[in-house]
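Labels A, B, C, D, E and F are assigned to the chains in the order they are written; within every chain, residues are numbered from 1.
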Amino acid sequence: MAKRESTFGNMLLALTVVTLISSASLGFVYELTKGPIAAAKLAKKNEALQSVLPEFNNHPVEEVYKKAVDGDTLYFFPARRDSQLVGTAVETFSPKGFGGTIRLMVGFLPDGTINNVAVLEHKETPGLGDKMDRKKSDWSVQFEGKNPKNFKLAVKKDGGDVQAITASTISSRAFCDAVERAYNSLMKGGQQ
Amino acid sequence: MNQWNNFSKGIFKENAVFVQVLGMCPTLGVTTSAYNGLGMGLATTFVLLMSNIVVSMVKGFIPDKVRIPAYIVIIASFVTIVELIMQAFVPVLFDELGLFIPLIVVNCLVLGRSEAFASKNNVLSSAVDGLGMGLGFTLALFMLGSIRELLGSGAWLGIKFIHGDGMLLFILAPGAFIALAYLIAIMNRVNRRNA
Amino acid sequence: MEYIIIFISAIFVNNIVLAKFLGICPFIGVSSRLETSVGMTGAVAFVMVIATIVTYLIQYYILKPLSIGFMQTITFILVIAALVQLVEIILKKVSPALYQALGIYLPLITTNCAVLGVAILTIQNGYNLPEAAVFSFATAIGFGLALVLLSSMRESLDLVDIPKGMKGIPVAFIIAGILSMAFMGFAGLV
Amino acid sequence: MDKKLLTVSLSPHLHGKETTSKLMTGVVVALIPAWLVSVYFFGWDAVIVPVVSIGSSVLFEFLIQKYLLGKKSSIQDGSAIVTGFLLAMTLPSNISPWLVILGALVAIGVGKMSFGGLGNNPFNPALVGRVFLFISFPVQLTRYPNPNHIIISDAVSGATPLGLLKEGMRNGEAVSGLLDQVPSHMQMFIGAMSGSMGEIAAAAILLGFIYLLVKKIITWHIPVTILTTVFLFAGILWLANPRNNADPLFHLLTGGLMLGSVFMATDYVTSPMSKKGMIYYGIGIGLITVIIRRYGAYPEGVQFAILIMNAFVPIINMYIKPKRFGEVKKNG
Amino acid sequence: MSQVVLYTIITLSTVGVVSAIILYFTAQKFKVYEDPRIDQVDEALPHANCGGCGFPGCRSFAEACVKAETLDDLFCPVGGNETMAGVAHILGKEVVEAEPRVAVVRCQGSFEYRPRTNHYEGVSSCAVEHSLYTGDTDCPYGCLGQGDCVEACAFDAMYMDEETGLPVIIDAKCVACGACVEACPRDIIELRKRNKKDRKIFVSCVNHDKGGIAKQYCSVACIGCTKCVKECRYDAISMDTYLAFIDSDKCVLCRKCVTVCPTVSILEINFPPRRIKTEAVAAEKTSLTRESGKISDNSDSLK
Amino acid sequence: MQNTKYRTFPRGGIHPPEWKLSAGEPIKEISAPARVIIPLTQHLGAPAVPVVERGTAVVTGQLLAQGQGFVSANIHTPVSGKVIKIDAAIDASGYKRTAIIIDVDGDEWDSTIDRSPSLNKNIRDSREEIIRKVQDAGIVGMGGATFPTHVKLRVPKGKKADMLIINGVECEPFLTADHRLMLEKGNELMIGVRLIMKALEVKNAVIGIEENKDDAIEYLSGLAEKQPGISVQTLKVKYPQGGEKQLIKAVTGREVPGGGLPVDVGVVVHNVGTTFAVYEAVQKNKPLIERIVTVTGRSLSTPSNFLVRIGTPVSKLIDAAGGLPEDTGKVVLGGPMMGKAINNLDIPVTKGTSGVLFLPADESHREKADPCIRCSKCISVCPMGLEPYLLMPLAEYKLWDKAEKEKVMDCIECGSCSYTCPAHRPLLDYIRLGKMQVGQLIRKRKQTV
């Protein structure tokens, strides 16, 4: 094969052309996918909201308000049906996970009863801590319908009412911690 | 070269994972399940195929000195395209594969093929080569993913076979190394016997 | 304290090779001799720190203001590739001795996921510039630690009779696996 | 040829009485006291698990040698028995036999035979097996039966003293309060606590240690440096902050520290060759153990510490050499 | 075109062009010359990295080729003439056609012809055994049979014959790298010219002892009777302290010497069978037996 | 209990069973055989050059061959008779080497030799005179290395010896030749020591003897009391206590630097046999033509110590000791730890032959070598602080450079490592190969420099 001589001119030319074409096509693809990506992200959030809240017909994402707690931020998504508040989803976190911070979406009914919990993000060990995720096990079902007012958000070992995931006390504690943080802030911050 | 040979060498004789030991990071990093392995393999295959085609098309115009940067730009573009597309249409898989998608760029396999093959061959051969190599890579990832999923969670492609957990180690980092070690050893043996 | 945590985390707890699966190709490839692995570590540390700093600046001063984050991959890799080549050219002339020692590894670094990986991870973890520098350096040390351990073990295995099929790469992976298993003991340290 | 031929070989023409299998038998003998204690406290289970473990270790070694490596079998050297026995001693007595067999397969197959067998493995095979099980089956491996001196134990799952401590400390309790919940030092010394079969009775392990020393199977260097390092390091932490740290004696008597330092860190194959090297190795194990126990996620760190230091052994061997004769003084 | 696309293009092009310019100028400024032909030569080599050429690896051989005035002293035994021609072509230099060679084992002292007189116990290493004593036969020259040579061969061209206890060279695989010659402590293996159809005639013995003595411990030793020297019309056979040697460059493969050798020390290999003589010779061979006698000779056997 | 009293070298060493079967057997003289074989290389260094021819008639003590070059030694005839040929013969090296073969005829001695048993106490010769006589008499070290003694007596320029150590350790199992010599020739030894002290111009001499030879210690201590400057040092029983460097370390605490000579630390070591030979050479004008040989073995009917003429075939000694034991599997020249196995019973006794040992067949075979279990026992017994477990594979895989860096050349070939290895690894076999190859490389390097 013939190797092309390298001169400054043709090197520069070649690189410029290549980068030009690539960046143009990239920009193009980006424009094309921008919409779907945003939609996918929204869909993900909505899905989480829908899974933890009772039926609603407003757009909680648009009504979001936030609150800084413990060096991070909680997001509150009020859900309404026919402008009647049916619950609030709280995007909450706990830094105490086995593998780092975990993020949950907790749906509360207006009286503070936990409607449902979804795991948004975690780095727990597959097969152990990740059982907190509904996709992996039904462990978090035990939170449904419990009101932290009379349901102590702590694992049994620590004198609470939560049955820990087998061999994953740490993850379970973090989970409780996150839920409790959401509950406290919601109650303290008052509902809008 | 016979196109079939050209294609099949990437799957067996010159398999990127088992024989050339290239692209190890995604091989180990994303194969916690067969499905992930498959997804990663296909994404890589796409980049490989496209970049091989483009490189073999433009090879005549690129001066030698800027060959590598030019190829990298081409590859990186396709990687970004894959990234964007996956984000848009398979966001779940994209989340699972995470960091390893942008890292396709530095997968030695991709650049290596552009350098060693596409820059010397015509478009058709390069396409076939890229496809073969990519599918070989995919096959390897799929196999490793299957093994790890089977041993680690007692499931395959998400279908559970046992109640409870498998050997967790295989889902974790050490299991990836160990499973791959034996897979390569077995492949060595098979290849030697066939040779 | 923050820096110490980043440091320990990057070396032991979240070792780039043993826990994060980045830079495996050179980890396996240049670990057959202790001497080369030390050279490689030096080269990686050098490039990794510079690359992380440069990409950090690009991210926060170009990509972010222009909101073209999706260009991250392509610009980063371009910068890294150019940087590696630049280092190689300069080293060859300025310090032939150092080039002799590190030079042969430099081309390998372009295609080392660890470098690009760290650049991206720095952004993902939201570090500031000094943290980024510490993180990239510690990561390189972690890479070096794993590499040096593996290569010393492989070198000592040169003097014994390894089963034929396991020789070379497979045995290297087994060692890496057990090493990674042992390093899991550091979990929770930070 | 009818005439008897003379044998010709290089010197020396004498050989000592030591053989590999005698050394291995010595280790097995030294383990017996610790094992008997576990039989006393855990009953039949403590008989079954070692038998299964030893049997499967030997069987796997035999099968791999014969069918995969095509080598002559060398199970008579006894190293597989030691591996099997030690693997069993590091497990809780109520573990399912299937896990024991799996552990033996990993110990022998991955930890030893992948490298070609006796003498080649860089990592301690029994520990490879044990850590594999520990990580793969954390539930089963962290549920210990309480010691029971009736012959048939009724497997209650209990926590080890170290486990209790870690749990409590995570909850922010003071160590001093927690120590009231664990057995007394004397109880721990004779083995009245929950834990792996071989690790509970420090007294019995020390007996084995003395036997090994007397028989010159091991030297004091590794065990003594590990124990001293742990004692000193834990002692410093304790003096600095008694609220958050257990006393050093507690560290010595609990967990696998004794078993690990006497029987596992001393494994010839995976420990340094020179005396000086052994001391560095011991210090390393001691430090890592305390760091993991005190700051890590796991209550116990010996198994990891030994494996990690195993990885350093080749480097230690490369750079720490015995003092050569005639090395220092250039003139007398 | 949207703004994003514009930014994209500008950024990437700028980064690309700027790095290209920087690289180009630094490259100019820091230029170090390396002969590009080294790469080309390196590519043409077989990459066995066997060291048969006398260099640590193929690349250093390539460097040597580029540097050397002529290629006369440089030869890659693995690639052979074809490769060297390729190298010469790249470098525009001439190459001398090296004659193809092949290794031969010059000892026939199998268990049958050379009785064991003691029992060696120790490591299987010819070098070690050689350092100790004559070996488990009384021949201080002959093959020790521990296979150092076989071990040294990187091309699987040798194996130990279980029945004779002697190494055997597989002509087809031997590339004449000479590793075995180097490995043998007794200098039994020789590289000889490769003839048509791998035919060869050579004295398969390296024993310098006087005939009488040699015969005591090996029935197929060269006894230095000089019959072959007299028989050879091409002056190819020389005699050096009771040992005949056939120069493979001079030998024309006429096979005359083979028939006169009383101990069948001269081997003919890969020739069509002879009609009459061989059977008689073979019969004679087996009838040779070991006699006992005194030891006396005045050559120093230690090298 | 013994630590304070008896010295030894600090590192390494082993305790093989002693088996000093012939310790109680007085030295017996064996008459000259019908034919002797006198190899020309009985010492370290260049072979001696014959000064006789085939057919020359010789009388006992007459010079046969002249030492050639700096390191070499004269050889005298141990018998009277006729040179029948000068030809190659197998000697203890296992190879054929040139030897002078003499048919014995009568026992006529050179007239200058004083054969009377009387003790000659007067030291008349000057220092130079003593060294010259030692050189003329062809004395070589009889402790095993057969290094020409006169070379050791001439301390190199710029170096200074301040102590003489007489090596009466005899740490090898089975051997008793030195032990008997010390018991039976104590007075002669004392004079020999004085002679060597004079030659070396040193004021102090220490005779090192292992604890297990208490009768010799007692006897020589008594004699030494009357000799200013000479003392006896009792040493712990430990092999290889007799190794020169170990002995010096044990007696003086000085450590001979790696690659150095004993004189570098001001010490010269001589074996008791050598000392006795020096006495005979200087005071009696008798060249080195006979030596004491222990013939021993557990199956041998009468293990003995013989005074033997050089050149006597081993088979003759066997006859004198009651015949070859039925179960013999191996015959070793020297002790079991360092001696050389021979394949031929016609091999002659030479100046360096300290013993002939018969090992029964069941003890002459090696166990199958197992893989190294890295027990590090070989390291702990190596008196030189080497790592045999590592040196062996380095030699096996031909990594000569690394072997050199690991100090393979320091190995004294004591065999402690192979003795100890529980895996029965042939450590010393390979280490010797390594020494040989590395030695060659070093020599080659020196030549090119």
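Operating definition for what follows: a contact is a pair of C-beta atoms (placed from the backbone, for glycine too) under 8 Å apart; a residue touches a chain by one contact, two chains touch by 3 or more.
These numbers were taken from a predicted model, which means no experiment stands behind them.
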Checklist entry - What's the overlap between the neighbours of chain A and those of chain C? => result B, D, E
Checklist entry - Counting one step for each move to a touching chain, how far apart are chain B and chain F? => result 2
Item to check | Farthest-lying chain, centroid of Cα atoms versus that of chain F | outcome: A
Checklist outcome for this item: Between chain D and chain F, the Cα-mean centres are separated in Å by 48
Checklist entry - Rounded to the nearest whole Å, what is the centre-to-centre distance of chain A and chain E, using the mean of the C-alpha atoms as each centre? => result 71
Next on the checklist: Between chain A and chain D, what distance separates the C-alpha centroids? Give it in angstrom.
Outcome noted: 44
Next on the checklist: Counting only Cα atoms for the centres, state how far chain B is from chain C in Å.
Outcome noted: 21
Checklist entry - What residues in chain D touch two or more of the other chains? => result 6-10, 110, 114, 116, 119-120, 132, 135, 138, 297, 317
Checklist outcome for this item: Note: chain A residues in touch with at least two other chains are 11, 15, 18-19, 22-23, 26, 30, 98, 128
Checklist entry - Hey, what residues on chain E touch two or more of the other chains? => result 4, 7-8, 11-12, 15-16, 19-20, 23-24, 27, 117-118, 121-122, 128, 132-133, 136
Checklist outcome for this item: Each pair of chains that touches is included here, namely A-B, A-C, A-D, A-E, B-C, B-D, B-E, C-D, C-E, C-F, D-E, D-F, E-F
Item to check | chain C to chain E touching residues, read off their complex | outcome: 58, 62-63, 66-68, 71, 74-75, 78-79, 82, 85-86, 89-90, 92-94
Next on the checklist: With touch defined as at the start, can you tell me which chain A residues reach chain D in the complex?
Outcome noted: 98, 128, 157-158, 166-167, 169-170, 173
Next on the checklist: Give the list of chain A residues in touch with chain B in this complex.
Outcome noted: 1, 3-7, 10-11, 14-15, 17-19, 22-23, 25-26, 29-30, 33, 36-37, 39-41, 44, 125-128
Checklist outcome for this item: The residues of chain D that touch chain F in their complex are 4, 6-16, 18-20, 22-23, 74, 77, 79, 116-120, 219, 268-271, 273-275, 317, 321-332
Checklist entry - Which positions of chain F touch chain D when the two form their complex? => result 11, 14, 16-17, 94, 173, 245, 249, 252, 254-260, 264-266, 328-332, 334, 336-343, 357, 359, 361, 363-367, 370-377, 379-380, 382-387, 389-390, 407, 410, 413, 415-416, 418-424, 426, 428-429, 432
